[in-house]
Each structure stands twice: as C-alpha cells, then as structure tokens.
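Quick one: this structure, given as structure tokens, is what I'll be asking you about.
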Amino acid sequence: MNLGALIGLISGLGILGGAAAIGAGDAGVGLGKLWDAVSLLIVVGGAIAATCIAFPLPDVIAALSGFPKVFGTQGFTLADVVQDYVGLAEQAKKGELEKALEETPEHMAFRLGGIKDGIKLIIDGMSKDDIREILENKEEYRALREIKAANAIGKMGEYAPSFGMIGTLFGLVFMLAGMGVPPPPGVDPTAKLIASMAIALITTLYGALFAFFFFLPFSDHLKYINDEKKVESALQLAGTMMLYDKVHPIIVKERLNAFLQRKDRFVDDE
Amino acid sequence: MNLGALIGLISGLGILGGAAAIGAGDAGVGLGKLWDAVSLLIVVGGAIAATCIAFPLPDVIAALSGFPKVFGTQGFTLADVVQDYVGLAEQAKKGELEKALEETPEHMAFRLGGIKDGIKLIIDGMSKDDIREILENKEEYRALREIKAANAIGKMGEYAPSFGMIGTLFGLVFMLAGMGVPPPPGVDPTAKLIASMAIALITTLYGALFAFFFFLPFSDHLKYINDEKKVESALQLAGTMMLYDKVHPIIVKERLNAFLQRKDRFVDDE
Amino acid sequence: MNLGALIGLISGLGILGGAAAIGAGDAGVGLGKLWDAVSLLIVVGGAIAATCIAFPLPDVIAALSGFPKVFGTQGFTLADVVQDYVGLAEQAKKGELEKALEETPEHMAFRLGGIKDGIKLIIDGMSKDDIREILENKEEYRALREIKAANAIGKMGEYAPSFGMIGTLFGLVFMLAGMGVPPPPGVDPTAKLIASMAIALITTLYGALFAFFFFLPFSDHLKYINDEKKVESALQLAGTMMLYDKVHPIIVKERLNAFLQRKDRFVDDE
Amino acid sequence: MNLGALIGLISGLGILGGAAAIGAGDAGVGLGKLWDAVSLLIVVGGAIAATCIAFPLPDVIAALSGFPKVFGTQGFTLADVVQDYVGLAEQAKKGELEKALEETPEHMAFRLGGIKDGIKLIIDGMSKDDIREILENKEEYRALREIKAANAIGKMGEYAPSFGMIGTLFGLVFMLAGMGVPPPPGVDPTAKLIASMAIALITTLYGALFAFFFFLPFSDHLKYINDEKKVESALQLAGTMMLYDKVHPIIVKERLNAFLQRKDRFVDDE
Amino acid sequence: MNLGALIGLISGLGILGGAAAIGAGDAGVGLGKLWDAVSLLIVVGGAIAATCIAFPLPDVIAALSGFPKVFGTQGFTLADVVQDYVGLAEQAKKGELEKALEETPEHMAFRLGGIKDGIKLIIDGMSKDDIREILENKEEYRALREIKAANAIGKMGEYAPSFGMIGTLFGLVFMLAGMGVPPPPGVDPTAKLIASMAIALITTLYGALFAFFFFLPFSDHLKYINDEKKVESALQLAGTMMLYDKVHPIIVKERLNAFLQRKDRFVDDE
C-alpha cells in the first residue's frame, strides 16, 4: 500500500472540495455551479484523443489502466534483493546455484524474475561478457519501454490545459457572437453574459485540475518508479556478475550495499 | 492500420464538434460563427511559412505529406525480426547465408532491407569491425535524418499558437483603432465591437487547435516511430554480428529476445 | 550558519512585508486584506498533496523536513578534506593507515565517513579496481538519491502557481455565478463583486509567493549542495586511490588541490 | 537558391499583409494603423541591444549579416563529396595523392577546403592518430563556433517578445496615468484612451512578429545548416582515414554512402 | 574594452528612455510616472533575496560584483596562446623549458597562469598521464565553478518577472479591497482606481526590464565567456602534452591552430 499517494489524493480532494464549498457558500450559489459535463468532455476527451494520435493505442490503454499501480508497492525492498544475492553467493560457492532456480528465498515471497534470468544464463554456460551484454540490453530496453507510459500520461497533462483553453475560447467566441442576437423576452442579457462567462472559465479550471492534480503527478510517479528499477537492475547486474565469479558472500554484501543509502542497506543479523 | 490514431482523430473531432454545437445552441448562434477563413490562413499559412524559412522545402513537404503514415503500421513485429535472424542463423551454420539474399522469410511478406544489407556485407568478406562501423553509421545518420521531419512538424506546432496570437493582436489593434471612427449610420458601435472581438479570438482558438490537436501529436507520433526504429536497428546490428560469428540459433534467439518486452518476444512453437 | 540564506529570507520578508504595508496604507485598507486561509490551504495543501502522489511519502517528508538545512553549513571546507588526505598519505607511507580509522584529524572535528570507508576497503585488502567500483557506485547512487529531495521540492514550486490559478478560477466561477443571484437586501452587488475578485486574486498571489520565494529557491539550494558533494566525492575517490598507491604526500596535495579554486586550496603553512 | 526560404518569406508576408488589409477594411481604418516607429524601435532595437550585452559585437554582426545566407545553397551535395573521395582513393592507390592538391574534381566547381586539409596532413607524413585528432578538434570547435551565430539570433527571438511586452507596459502605464490628467478641450477622453490602447498593443504584436516570423526561424535555419555540416565533417574524417589506409575505392564508396539516405547516395554510373 | 556590451547598454537605455519620453509626452504626463521606488525594491530586492536562499552568499556577491567584467576583455587572443606554445616548443627542444617559468612571452604582457602550471608539472618530473589528469580535473572543476556565477545571475533573471507579478498582485488586491472603502471627501474614486492600476503595472514592467535588459543578457555573457575558456583550456592541455613530448614547433602550431577559426589562427610572419 503506497500510503503517500492515498493521503495525497484524499487530502487534495478534501482541500479542493472544502475550498469549493466555502467559496460557493460565500457567493450564495450551489457547488453544482462547478460541474459542466461538456467542459469535462473537452478537457479529458480532447487530451486523451490527442494522446491517441501521438502514441499507439496499447500504450495509451496500458498507461491509463496503470493508474491503480500508484497506490501499490513492490512487496520487497532493495535490501531484500541484496540479501537474496548474499544467500545465492553461498550456494554458488558450494556449486549449488542450479537448485536456486526452483527455490524461493526465505525472506521474500518470490524470487525475482530478473535474478532467475541471470542464474539461468550462468547455468547455461554462457561467457561472462555475453551475460553482461544480455542483461545490459534487457535493462536498457526495459527502461525505454516503461518510460513510454510515463510519457503518454505526461502528454495528457500537457494537452489538458490546452484543451481547457480551447474550450474557454469556444465559450468566449459564442458568448460574444450571442451578444449580437437579441435575447428572448424575459432574459436579462447581462445575466446571460455573466453565466456564459462562468461556464467558459470552467473548462480552463478543469484543464488545470486534471493536469496538475492528476496527469502530471501520476506521470511523475511512473518516472520515479522507473528510476527505482534502475537501481534494482544495477543490483541484479552486479550480483549476477559476482555469482559468475563465485565471489565471497561478504564481498557480495559489501559491494551491493554500496548502491544503497546507509539506512536502506541489508544488515546481517547473525 | 493504426486504429488508435484513427480513434483519436475521430473521437477528438466528435468531442470538439459536439461541444461546439452545444455551445452554439446555448448561445443561440450558428456553428458557422466559429469559421473564419482569414484566421485559418494566418495560423496554418503563417506557421508553415515560418517553418519553410527554418527548414529546407523538401523536408517540410516530406514532413507534411507523411501525415497519412500516422494511420499506417509496419506490417511486421519485432518478434518477426528475431524469428528471421534465428532462421538465418540456421542457414549461416550450414554456410548457406548467400541463398538468403534472394529468399523471403516464410513468416514475413518481405525481408527487411536492413537485414539484407548486413548479409551482403558479410558475403562481401568485410571485417567484423568494418561491418559494425558501417551499420552503426547507417543507424546514427538515419535517426538524425528522420527526426528532422518530426522536428519540422513540431516547429509548426510551436509557431501555430504564436501566429494565432499575432492574428488576435491584428484584430484587437484594428478594433480599437476602428472605435475612433464614427460608425456608419444604423450600426450599433457596441455590437460591432463585440463582433470584432469574437473574430479576433477565433485566431487564437485556431492556433491552439492546430497546435494541440494536429501538429504536436503528429510530431510526437513521428518521434515515437523513430524510437521504435532504434530497437529494430539494435536487433539488426546484434543479429548481423551473430550471423558473422555463426552463433548458434538458440543463443541468437536468447540474445535478441533480451531487447524485447516479455510479451513481445519470439517464442519458438516447435 | 549559512548567513546568506538567513539574510535572503529576512530581507525578502522585510521587503515584501514593507511593500505590502505601504500598498495597504495607500489604498486605505488593512494589511489583513492579504490574508486568506482558504487560499493558503489550496496553494500549499494542493501543491503538497499533488507531490505526495508523484513521490513516496518518506521522500516528501524528508524533503520538507530538510528545510532548516538551508541555514546550516557543513562545518568543514574542501581544503580540510585535502589536508586530511595529505596527513593520511604520511601515515600510509609509514604503513600506519589502519591507525587512522580510530583517529580524528587535528584540524577537523571528525573524520568524514566517506574517507573512513575508503581506508577500510584498503585495509580489507580489496583490489584497487574493486575499491574504485564500490566508491563510484556509492557516489552515483548517492547523487541520484539526494537529487530526489530537490526534485520533490521543485515539483511543489511547479505545482504551487498552478494551484494558485485553480483557486483563482474557483473564485471567478463562483463570483460570476453569484452575480445572477439577487444579493441580500442591504448588500451592494458591485462591492460584493469587487471583494470577491480581490479574494480570488489572493490565491494567485500565494501561488507565486510560495513558488518563487520558498519552494524554488529551496530546491535550487539543495541542487547546489548536491553539486558541492560531487566535488567532495571526487576528492575522496582520488584521495583513496592515492592512499592505495602510497603516493607521496606532496603529490597528493598537488593533485587534490587541482580540483579546487586557487583561493580554496589547502596551503601547507609549514 | 534556397527556394523554400524565399517561398516561406514571400508567402508569409503575403498572408500577413493580406490578412491585415482585410482586417483594416472590416474595421474601416487604414493599414497605417499597424505602423508605429517607436514600437519597432523598442522591439528590434531593444532585442539587439540586449543581445549585444550577451554576445561579443563581432558575433552579433556576423549573425545578423548572415541573414542573406538563408536564401543561398552550398552548390554541392553530399553525394559529390563521396564521389570526390572515391576518385581520390583511386589516386591514393596509384600514389598520386599529392597531385590532387592542385586539382579540382570534374564533378564539382572546387575541391572543399576540408578535403584538401586532410590530404595535406597525409602528405606531410603525420601519423594516423594525429590526423584523426586534428580533424576531430577542427570539427568540434567549428561546430561550437558556428552554433554561436544561431544562438545569438535565437536570443533576439527570445528577447523580442519581452521587449514587446515592455513597450506595451510603457504604453499602459502612461495611458492610465494620463487618464488622471484632464484632457485638452475638444478631446474625447474615451477616444484617447482607446487610441492609446491600440498603440500599446502594437509593440506586443511587433514582438511576436519579429520573434516568430524572423528571428526564430532564422536561428533554426542556422542550426539546421550546422547539423548538415556535421554529416559533411563525418564524411571528411572517414574519407581521410581511408585515403591514409589506401582503402579500395569500392569500399570507400560503400562506407561513405552508409552516412547518407538511400536517395542521396553517390551512384557510380559506369 | 568590450565595445559591444557598452554599445548595447547605452543604445538600449537610449531607446527605452526615448520611447518612454515620447510615450509620456503623448499621454501628457511626466516621465516620473514610470518611477516607483517600492516596485523597484520588490523586483530587485526580491529577486536577489530569493537568489541568496538558493546560492551561498559569496557566490551571489561574486556574481553581482562581476558585472563590470562585461565591459572588459582578456587582453590577449587565442592566437597569442598558440604563439606562446610555439615559442615554448622551441625552448623545450633545447631543454630550456625551465627558463620559461620566469620569462614573459614577447607578444603578450604576461604568461598565462595555466601555461605556467603545465610547465611546472613537466619540470617536476610528473608522468604524462598524471599531468593530463591534473589539467583535466582543473578544467572540469573550473568550468563547474565559473558557471555558478552565470547560474546565480540567471536565477535573478528568472525570479525578477515573478516578483514583478507578485508586486502587481499586491497592488491589485489592495486596489480592489480599497474600492470597498468610501474615498476621503474630494477624491474621485475612479481616478484613484486608475492611478493604483498604473502603479501596480509598474512592478510588472520593472520585472521584465531587469530580467530581459539586465540579468539574462549578463548571465548569457558569463556563459559565453565560460565557453571561450573551454577553448583556451583545450589549447593548454594539448600544448602542455606536446611540450612534454618535445614535439616540433611546426606541428605544435598546426595542431593548436586546428582548434581555431581560420581567421583567428596564429600565422608565423617570419
């Protein structure tokens, strides 16, 4: 559970909702004045439509459907990864690396696919340089692929305020054009003008809200996760290389811990 | 058929058209109030003219005429490329690489030019380093060339809102200047002012629409395709190097698959 | 004590407060007209909430709670680091490097953890290449980690003006919507409009103030410190490598001083 | 003759001029209302003055006086460069490279200075590594130098809209200040206000026009040319290295062509 | 004397001053209406205060006090540096390099510190690789240090318009709030409103003026100088390496000239 994102989302909605309620009360109007379905359609629909032109559909769908991931966590820490490699180094020394493929480390619910892949390559008897190249390619192209989802969401955050502006311009043009038309009897033209103006501004408001409270933080979150995976991949590359060389577990621990912040390191409790 | 771009274009046009129709209805004016030929000319003509100064004409034409490509697809996947190299590795082992030049892989409609080029260099007896250098140069300068079209379209997307602003400023200056002139008899000066204001804003609207719903997503799409080709080129370089070394097909599969996402990999069904 | 930040903060607050007081006096209103709790909540709360979605909670907390650090200093200069390595080079020559682990250099209150770490690796008998790799990894991932706090604060500075705009749009929409509602008896509608307008603008003002006088300078400060640490790490890497090679203290001084500006260099007073 | 830039300039001026004429006609005022010498001076003079502070005078003059170059072309294609190296490879094989220094290739009006420089270095008996270093240095510092002109013009394009805004603010401040002054008898204060407003906006208009229709496309054009020269330099480096090694002309053709797009390659007609 | 910066500053001030005088005359008000001490304090004081939070005080002071440097020049050209190395190469051949430390080249008023440093290292008997490393470190950290001043000034240019906006928002909020207060007898409320509006805008004007006519060009100038020094350092590194190898003066000239534009090269007049 990524508590931070949940707190951010809920407190943000609370703040904005509360501020809106107070503002509406002060002005003597209902909160419903902030709701306009057409504005919502222009901003969200327009931003997603433009993004569909820029990115392939599967990427856009993957990006949007990845939103719940913001609230999840990985289920393991980088210290767990270090610990797994330290254990594997023990097994490698005893020549029992192959057994590790079917095992699960005691301290983690599952062995990471990336760790297994490395072990498999060692067992298959590939040369060290080949293994390094394969793992480096995997990481390079993984990073390129996964940043795409972040970029697609980021584009929506870039397009949303622009479609907000487009909607407001629609509203302003029609409002001004409509002022030349004599109003139906019983309608106050100034009141009509002012109401149209309020509606026109709502689209700009939605554009800013969706961009700065949804698309852009979400995109930044995905970029953050991608950066985290880079450290994980660096651990896996260094770890696999040391398994290949049957390096002593203590040195494995030392070297992999060097990638981590002091407080995040794996500390052997024995 | 790139379904996503089509859906994006049609749904985007539908949303904007529908929203405009509702807005026009609410204001009691016709949708035609959104149409202004001079504004269109300033925004699109101005943006293209400025881009013609920045980029050579053939590049601008190539860029604009490449728009239908947004709706097309390549006709093969990266897994197909891997499969082709695996088959070629079989032939290379048997010393039959030369035959491959005239053949077409069973699973693809045609053999990629880039794959053929690599095979040709091997057959010509070039050294491995020379082949690598030639292929790397090809890719480097291909990427530089193809990004130019994306950049030219991107420039139009950058210039379009600016020409929208220029058109609006034209309108505002004339409107204000015109207010000092006594109106012809029978014309309400306020109504004239308001109508001029609506027309002035249309140019800003067009600038935003063309930039954010056409030029910029189109440019982003071209950049996306360019990135995809980088993976394709990486496969071709690695594949050709392994054909040169007569690497075993299983290792070829393993190593090229490492460039791809798990779900996109070539899986041997035998 | 980082005097500059203190002077900047106090003089900035003085200037803005003084200017506000003069402006309030000229307008014949109280300074309190600048205070609006809801606006403050939208800007600061919204920016922090959005940042919590983008970054993990511990990072956001660490970033915000690091604010007092702006006013602190390190307690040692880069010349001190050079001097320590020169002294250590003496000890290394005599084969007494191990003793240095428990000692504190005469000219500094404590021996830097990074310097100790390097000495420990030498004593542990690691190879020079391994030590270099461990130290380089440490520095690379330290820089990546510490820039995150700067980025989180920078995001708040990016979001703050946007939430300022969102708050202003809330205010404008309600103000316009409220104009259609007949005012309670005894309330002047124009006065009400104007007061609402002032409140709406306050949110934009807060957004700009927090971004440009708090979040962004604070984020820039953290980036600056990160850059400084890069020089410190470069000194530690070069210094440790020379301790390993038992390089003559004079050359150690020469080479480490080359990283520093002439006026910041360690000069031997003997 | 770079036809594209000419078409862009003329059609852009035509579009903007025509749109202005139609707008002026609609408003019932003369086109002359768009002309304001002081605004022009603020925008162009201010942008150039600020650029003179940022860049040395000779660079600014070189940048501005390079404008006619936008309409010129090089007089040779990259295929011509390849063809020249293929011919030189023939001569190198025969040991007649020295003669080439005085000759002109049949298919080009002149031998490029960069090609001659490379040959001279070979004849002078320098080592291959030295020649590579000299040519690489030449290219690196050429690119740095020539990008400066593009940057200087780009700065003008960045400063122009800002000086446009400064001019408009001048106008607005004086306009508002002037409203407190009782108008001379016979002058309608509202008419005066409106006329001042129109003039104030003209400076913003000029800023946008000069930036987006002149300085920025011009700067982008110079950057484009610089990129093109990078390919030319890459050909010269690779070509010179192969002349040094007396590589067979067919391989020279093959390798240099790899830098070019298929349609731009040198094809031997024999 | 850097004539360009002087011309830029004076002509820019002349243009802006002249335009302001004409504008003031047209509006029938005095030029003094552009002067507002509080606005100046908000913009300049605020920008500097925020920069003091972001950068250490000595850097901010160094940056600001470096302004007169914009008008100075170095007193030597890069050709002079080349010429000095050619002369030194003569001395190195004769084994008289040591003497050069006390000498001054005939064509320059002083021998550059960087050139002397390199010679000293050679005389001290350091290995070539060590000398290269020391010189490269020196240059890398010099560039990092000197770009800081440019960045600090650039930050001021970024903050200035923001503080301009903050000041204007102060003004607007108080103006609107003040409208609810009944004006003292004899004061026309509309006139008061208009005067307040003019003053509010002045802060925006100052923000733009200081950013685009002072801070940003000054920052760009410092970046330009930093780039120039990179060429100078490249000459010193290459020159020192050749002195170490006792390379023939003619080759020294050839190779160092390759860093320079044809017209800036050192030409031997003998």
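Order as written gives the chain letters A, B, C, D and E; numbering starts at 1 within each chain.
Everything that follows uses one rule, which is that a contact is a pair of C-beta atoms (placed from the backbone, for glycine too) under 8 Å apart; a residue touches a chain by one contact, two chains touch by 3 or more.
From a predicted model like this one, the values you see are computed outputs, not experimental measurements.
Taking the definition of touch as given, a chain qualifies here only if it contacts subunit C and subunit D alike; those chains are E.
When the CA atoms of subunit C are superposed on those of subunit E, the rotation angle is 70 degrees to the nearest 5.
Subunit A and subunit C, compared by their mean Cα positions, are separated by 25 Å.
Averaging Cα coordinates per chain places subunit B and subunit C 40 Å apart. Counting only residues that touch two or more partner chains, subunit C has none.
The touch graph of the protein chains shown is a ring with every node of degree two. All chains form one closed ring of contacts, and listing them from subunit D in the direction of subunit E gives D, E, C, A, B.
Those residues of subunit B that touch subunit A in the complex are listed here as 2-5, 7-9, 11-12, 15-16, 18-20, 22-24, 26-29, 33-34, 70, 191, 194-195, 197-198, 201-202, 204-205, 208-209, 211-213, 216-218, 220-221, 224, 227, 231, 234, 238, 251, 254-255, 258-261.
Within the complex formed with subunit A, the residues of subunit C that make contact are 38, 41-42, 45-46, 48-58, 60, 126, 130, 133-135, 137-138, 141-142, 144-145, 148, 155, 159, 162-163, 165-167, 169-181, 183-184, 196.
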